[in-house]
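One chain, chain A, appears in both complexes that follow, with chain B as partner in the first and chain C in the second.
Up next, the complex of A and B:
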């Protein structure tokens, strides 16, 4: 499984999305279940999936799936097709 | 504001234990302005202990009441919190639990049951002004109920300790609480009053997790499906502690490491969880668990579990535990 596929699966699971709803340009405003508590789940899931625990500031800055990719890319996680 | 403190803002607040009063101190208040609410199982004892006016919980309080002493379980203490804090009057509230587990006497949380739906209100104003321990009340608790209450205490302590919102200081405090709990029998023992209060005050500073997510989401459906089974919060927490902790440690390497970091005996803790577990009862409710799994996933407690609870985790909880 590629990192993009892992991220897609993680976001779908954390926010309880229908797989058809997922897009890599999905933003917080488009997802009803994207709240502060879901961010806790997301941070826990990022750690278990990619081995990196977002700092509090990084987690607070996550407003879209692209933000997750940006944060993880800065830590050396590669998101190539 | 940090990510952790932001999440706490919507879910939990910092909570310290209210000052501890003695029964003797509580017996020397002004009888003109002190009122007592007592639950039905302890009303007679309360009448014999205190000379204050005593009414049924929920009854109106005269304007002259300045102190309300409430003696009972979590539901009655929560009722008293609402009356003392939301009536627009300044009423000092002293809580005496008749059973351990809910920790209502030590937390800024009020749990209301609206036709089966849990309405959880969190505000520092709901922390009682004082609390007292009445050791003799422990003997009046039915043994099975006392055992389940011990499971509720364990769920608070363990989930609060493991919470992703817990810091080092809190983990140290809760690890001390759990070491004390390991020394106690899962039975009627008045020492549970204090450790239960400490466990609840601790989890109020971090969060709870999937055990509580399951308990909150399933209590109402289980009561409807099995009306004679006597489902209540502590019974559910006791039942789910073992499968949830087994699952947490199965999918996360850090689960065991966190316990080891604080010199907690993982085997001893899992033995307690196993002792509280009833496989026949669990296996009988799995269909209801599966039916309401999405509600479990959406529950705020589940979302602050120590490990990510994915929809596929249902497969684990569907298994038959030996």
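Up next, the complex of A and C:
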């Protein structure tokens, strides 16, 4: 499984999305289940999936799936299309 | 007051018939009560001497899980049996098949006392631990009445999926959530039966309200109070009652507490009246709690689960990593991935995330208490539970 696929699976699971709802340019405003607890859950999921736990500041800056890719890419996680 | 052991009644109910005829009060000790003789001796010592005659005692775990000795009046129990006979249109019923332990207040009053008062036949079985015995009893049943708890419906469906038992005329449910979503199964198994939802508690000895299954689509609608029964909400929303059929008192952790005619006794349930005069349960007192400041009713959440899952389900409480109160959804048997997704979709559509369970788990089957109810404590600690989904908090 590629890192993009892992991220897709994680986001679907955390936000209880239908697979068809998922897009990599999905933003917070588009997801009704994106709340503070979801953010905690996403951060814990990122740690267990990619081995890096976002700092509180990084977690706060996550407004979209692209933001997750940006943060992890800066830590050396490669997301190849 | 003397002790009559249910174990001694397994082959022959004559000792119970005799005990009922004798004036001395007795306690029916469950087969597997888990109550020490020491505790029972202490409890019996607390019962006032004026109750030494014409009464009976039953044991219940109550909402706290601690033993409680409930003292009932035989006259009141007979009155209740007569009222139920009339309201449940039971005149054509000639026999009742026992699928629950006799020491369970529900079975004792709704079946044994009813059969005694109305001179009907009681057909004992070993319950669903002996499905062949139950099947034989149901196949030969004639104009019969059953008293079930909702948790038995999936087992009946599993054991007798391709059968029907036209000899059963009445099916009653009590002792837990009414299986509104499984009425198709009940009707298939018992095509000639009227189905009733009975509500009450051991302290009510045990009935307070009644409704026909088809009178509502809402499993939490418990119907209207029986004649003479008064219901109201306590300050915290708990459903309180006064009943001419209720227990006269009980011994719990403390000394004997009388339930006088003017006393409002608690049911342990939260409920609200509806405009049509029925009452609607909204949860157990202890099943409503706050999580991150949000009030959670596990009963309400279970309604969502039931929309997507037709087998057994329960919630048990657990704190999350932050130490905040939470809850876990346990299913039986294992759901498919599609079913888990459907449950989660229901949570997403109806409830804020803070109300979602910490995990969705499954086991092959739920352990049952001797009274037929699910043993939630044991279920929540069963080894080999499968985790289907979890919140990472």
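In this section, the second predicted complex is superposed on the first by the 81 of 81 C-alpha atoms of A that agree within 3 Å, B and C clash if a C-alpha of one lies under 4 Å from a C-alpha of the other, contacts with A are read in each partner's own complex, and residues count from 1 in each chain.
The definition used in the following text is that contacts are C-beta pairs under 8 Å (C-beta built on N, C-alpha and C of every residue); 3 or more make two chains touch, one makes a residue touch a chain.
Bear in mind that the values here come from a model prediction, so they are computed numbers and not experimental data.
When both complexes are superposed on chain A, chain B and chain C clash. In the superposed pair of complexes, A:59 makes contact with chain B only, with no contact to chain C. A simple residue count on chain A separates chain B from chain C, and the partner touching more is B. Once the two complexes are overlaid on the shared chain, A:35 sits against chain B and chain C alike.
Contacts of A:14 after superposition: both chain B and chain C are touched.
Superposing the two complexes on chain A places one region of chain C into the space of chain B, and among 98-106, 170-178 or 188-196 that region is 170-178. Of the residues of chain A, those at positions 13-14, 16, 33, 35, 37-38, 40-41, 43-45, 48 touch chain B in one of the two structures and chain C in the other.
By the touch criterion given at the top, residues 13-14, 16, 18, 32-33, 35, 37-38, 40-45, 48 of chain A touch chain C in their complex. Across the complex, chain A is touched by residues 1-4, 6-7, 9-11, 164-165, 207, 251-252, 294, 297-298, 300, 303-312 of chain B. Contacts from chain A toward chain B in the complex involve residues 10, 13-14, 16, 33, 35-41, 43-45, 48, 54-60. Listing the residues of chain C that touch chain A in their complex gives 292, 344-345, 347-348, 352-354, 389, 391-393.
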